[in-house]
Amino acid sequence: MTNQDLRVGLVGAGKMGADHALRIHERISGARLVAVADPDLDRAQQVADTAGARAQQDPFEVIAASDVDAVVIASPGVVHEPLLLAAIERGVPVLCEKPLTPDPKSSLRVLEAEEARGRRLVQVGFMRRFDAEYAELKRLLDTGELGRPLLLHCAHRNPTAPPGFTSQMMIFDSVVHEFDATRWLLGQELTAVSVRAGHSTALAAEGLVDPQVVSIETTGGVLVDVEIFVNCGFGYQVRCEAVGERGTALIGGDRGPVLHRGGQWGGAITADFRDRFGAAFDREVQRWADAARRGEVDRAAASAWDGYAAAAACEAGVQAQASGQRTEVELVDRPDFYA
Amino acid sequence: MTNQDLRVGLVGAGKMGADHALRIHERISGARLVAVADPDLDRAQQVADTAGARAQQDPFEVIAASDVDAVVIASPGVVHEPLLLAAIERGVPVLCEKPLTPDPKSSLRVLEAEEARGRRLVQVGFMRRFDAEYAELKRLLDTGELGRPLLLHCAHRNPTAPPGFTSQMMIFDSVVHEFDATRWLLGQELTAVSVRAGHSTALAAEGLVDPQVVSIETTGGVLVDVEIFVNCGFGYQVRCEAVGERGTALIGGDRGPVLHRGGQWGGAITADFRDRFGAAFDREVQRWADAARRGEVDRAAASAWDGYAAAAACEAGVQAQASGQRTEVELVDRPDFYA
Amino acid sequence: MTNQDLRVGLVGAGKMGADHALRIHERISGARLVAVADPDLDRAQQVADTAGARAQQDPFEVIAASDVDAVVIASPGVVHEPLLLAAIERGVPVLCEKPLTPDPKSSLRVLEAEEARGRRLVQVGFMRRFDAEYAELKRLLDTGELGRPLLLHCAHRNPTAPPGFTSQMMIFDSVVHEFDATRWLLGQELTAVSVRAGHSTALAAEGLVDPQVVSIETTGGVLVDVEIFVNCGFGYQVRCEAVGERGTALIGGDRGPVLHRGGQWGGAITADFRDRFGAAFDREVQRWADAARRGEVDRAAASAWDGYAAAAACEAGVQAQASGQRTEVELVDRPDFYA
Amino acid sequence: MTNQDLRVGLVGAGKMGADHALRIHERISGARLVAVADPDLDRAQQVADTAGARAQQDPFEVIAASDVDAVVIASPGVVHEPLLLAAIERGVPVLCEKPLTPDPKSSLRVLEAEEARGRRLVQVGFMRRFDAEYAELKRLLDTGELGRPLLLHCAHRNPTAPPGFTSQMMIFDSVVHEFDATRWLLGQELTAVSVRAGHSTALAAEGLVDPQVVSIETTGGVLVDVEIFVNCGFGYQVRCEAVGERGTALIGGDRGPVLHRGGQWGGAITADFRDRFGAAFDREVQRWADAARRGEVDRAAASAWDGYAAAAACEAGVQAQASGQRTEVELVDRPDFYA
């Protein structure tokens, strides 16, 4: 690795973009932010100022800038495709927040462009792969300490959904993390998705069906169920219990000081995903920057293929939700390029 | 309550019968065992001897004996119907191990006989209703401390299934407990059942599909999922997490001394259902005997109606298992007699 | 064991006496209450009525009554000696709530009377010996699974002390349980006691020094520390961590449903000692009654010798508290009668 | 903050020094290692190579080098004084691993030099102040959520002590962390120390008394007890329970996936201090480097005064250990410079 810092351009100065700007500026070794793009130039400026970078309105200028060695995309999913294609064309490494793109067809175009360029450049921001607990769960599965995996029970709970959050977003914005985590933990592809709903919480906005239970099947015959509950009210909680032939392992348990006070024992629940997965984001971006400086990609991270596979599962999930039927996940054959 | 002990006749001297004999003899106040019936007279004698009772071969003689005030039935489910009818006809209180009868039709005949007799006499041995943790979970649901219930996540795991245990038995011998617990916890009837299976554990006997995931729907729109895993290998574990509008509550967590030893923290898992639910059985039988001495039934316990409803859910469950389809649970209207 | 119930006389109709009356009447097999004595005859009558027994004012009449097979003493410790001596003289089994007597000298007189009578009759109500968690901790120590014991860390916390509770009572009413539990868990005698105090809680009554830390040494070189905190405010909590050469084991952890609600995870704390040790009391009295019907004593229970040893440790503890000095525990040689 | 990286010189290339080198090179933003000094030049070279820095034999040359903006001292405590004095004289910020110096007298000389230089330059490496759990415990104490603090119960356990580890080192190498943590958590000075020992583990080297129990008193009347057990065998464990007027809080509980396997539930124990406190070290050094680039010191970190106070407590602790007596901690008046 050279002693030269990786010069990063950031596209998107919303909540996630601002978080990444601070991360790169204050906590990541060997990388610094040089430019921030956002259609809202004031917002871009504000984020750029926190990191001593410049602000721009046009994201393509940032991607093309000669002092930008690598790009982080944190803009809405619907605009990812052209940004990714530009970065791939220029040949710069890119860390793209999930989703890769909103649907499998556009994801496939990204895959094709990357393969045509002949070099792996794209990483998708599935940060759970960098969480210490998930990593330990994967180790237990990979080493066979739990025996062959048979079931996964997942719960994904948010205290409240933002205004405008739809039932479909529960699949492609929330459960998409379980889609990727399942594929990664098991090393298997997803084959089918079903979605069930019962009575909704009174705390859900009108029209939102919340909670829902998503059932997933895999190529290895593992049954996965996911409770997605975006207005659970009490905090942010991500749990996963793997059941194998030799035992079970549960992650996402309760942490922090154990209090005894006022007739109750227990502790506080993490408030949001940054609170719960902050260290995972740090590790993700540090490893991404380290790999980028070496001219490589982080093989432990999610590739464009993983982004495509997640998009395909989301598409099946949204259809299953609408139809009330089990829906198969359809994937093209995996190119050797992503082996 | 009189100072006179309740004189109990026991029908069935197998594992469960022997357990009840010891319980009544050594741990229950105000009751004593006077007679034990079993087709295998030697076995009946052995159990009778542990409690200073007499042994008989014919169960109907025990039920009819003038010194028998109340009857415990712990024989196989297929022979329950005539025994129950005899006890009802004589008008003696009867505690019948689950199932009430193996199918809803025969259960209905028991209901009709009891109603015709004009007095509630039958209690079904769903002991979880007497478990301290289940009772506390019900209190949390009844008081509204969790808000309106939305989901139940259940896991029911046995270390190993006995030889000859079939996939159908996973429903009517094991999940039947979750059927009753769901009805009792929620105060709702079950409306439909689905069953899914994936890859089976290598530890399952040939032909047994294990684990399976059973999905239940209720009249109140609660979604219930049950992992039934009868060869999990590691111990006996019964968990239930209730998810409501205001929070969640999990029972069946890990107990006992917390050890730190050899690089590991944790403790031992209960070995079997008697280990886990022994105190619940004691409380069940004590309350049953107390009520019987007062000439009443324990209204907190499972009635013949509850036994019937469980049988109907089992029938639907076995069909769902065979067909791979969601199957509706069909119930007759609930008689006022069981209101 | 005969089929005849053990007829029990109860001396003392306060909180503890009423609790034992109910226990014997409703939950214990093979025993029934026949007489209740209390200086306050109304109170005696009230308790007797709950169990269909008769009330008397004179405890010695109850102990002498021809229909009393065994005696439970639940009166204040200062009057135990003559009651015990009367029961011993008559030769009836007696379950005496702690303390045996308030000081080692009077305890010794009870030991001498029992030995002179030639038969073990006295059991002291150290109920922790019958708690499932303590029993499991003792098993871990006895089997050597923790290796040789080196340290015990104990905490004994009450939500609030009753009016009039003194610093001395913190030793002989509260820590006395840890004195006995230490002796029983380790199978060692106590050799010295020290007591330290720091700043007192504002919730303590004026003059009460609360919390205090009691340090105990044993014949086997085990260091024991006990936090006694009788106005901790938040609930009733009894913890014990044993540290051995091969590992540690902690009992008294938190139980019951685990809730997630309002930003907090956790559960409720037991409210008082009956809530925490109710099952232990039941087991204690059941085993005592069973042994009494067999004409024996329960060898797992605390004997008069154990009551004496606890009284000696309390005497040393109160002296250590007053002097601020380490104080040795003085014991007579253990008679073979109590081997 | 300038965009210029802080150029760090490292003194000491042992286990801790190598760890810091990697940290600065790979995980810390805005700092880079330029020089590594160690009497063993090969070892210096090896560590320097991992971070693209140069190796030197003479630590004073590194401290004096014109391209060194700040210094990390990770050499043995006995040589700290002259290194610190050199760094202070040159006016460069210094992060000194604990202890500041091995005894309060030499620590005082460092304080005097720093005060004479007129600027705060020295930070002592008490990394627990940067641990998320300790920080949360301090927050609970500072906000009064636990009420006034009354007691701290601490356990500090290592799997095995390195060869040559002495009873005195248990105080000044191990318990020194609890001395600092107590002062920091409570915002109080230590007033006296006592040390008790019982039977030693068979796993301790000959002559080592292990475990020991250290009792500490504070200016605010808080009683602190510390179990120090450096051959506990089972893993690395640091626990602290704070007991206040309104409740208790325990940190250092068990983490990671909860497994159910082979009749046991639980998880793995952290293996060593880097495993447990790795994130705290990262945060400590990141904050130190950030402050150094701003020309400031991190006020949340341990100052030279804190290093001196810890040295004074260690001196009292070693005396208490030798004498078996309660020993007072003697401190000079705190200079305004360290207010």
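First chain written, first letter: the chains are A, B, C and D, and each begins at residue 1.
The criterion applied here is as follows: a contact is a pair of C-beta atoms (placed from the backbone, for glycine too) under 8 Å apart; a residue touches a chain by one contact, two chains touch by 3 or more.
Composition by chain, UniProt nomenclature: A, B, C, D = Inositol 2-dehydrogenase.
Everything numeric in this text was worked out from a predicted model, so none of it was measured.
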Could you see whether B-D or A-B has the larger number of C-beta contact pairs? A-B
What chain lies farthest away from subunit A once each centre is taken as the mean of the Cα atoms? C
How many angstrom lie between the centres of subunit A and subunit B, each centre taken as the mean Cα position? 44
Distance between subunit A and subunit D based on Cα centroids, please, to the nearest Å. 37
Take the average of all CA coordinates in subunit B, do the same for subunit D, and state the distance between these two points in whole angstrom. 57
For subunit A, residues that touch 2 or more chains besides their own: 233-234, 246-248, 258-262
Over in the complex, which subunit B residues touch subunit A? Could you list them? 147-148, 150-151, 153, 155, 196-203, 211, 213, 215, 217-218, 220-223, 225, 227, 229, 232-234, 243, 245-248
Flag every residue of subunit D that touches subunit B in the complex, lowest number first. 233-235, 237, 254, 258-269, 271
Which positions of subunit C touch subunit B when the two form their complex? 3, 24-32, 52, 133, 136-137, 140, 145-146, 246-251, 253, 255-262, 279, 286, 290
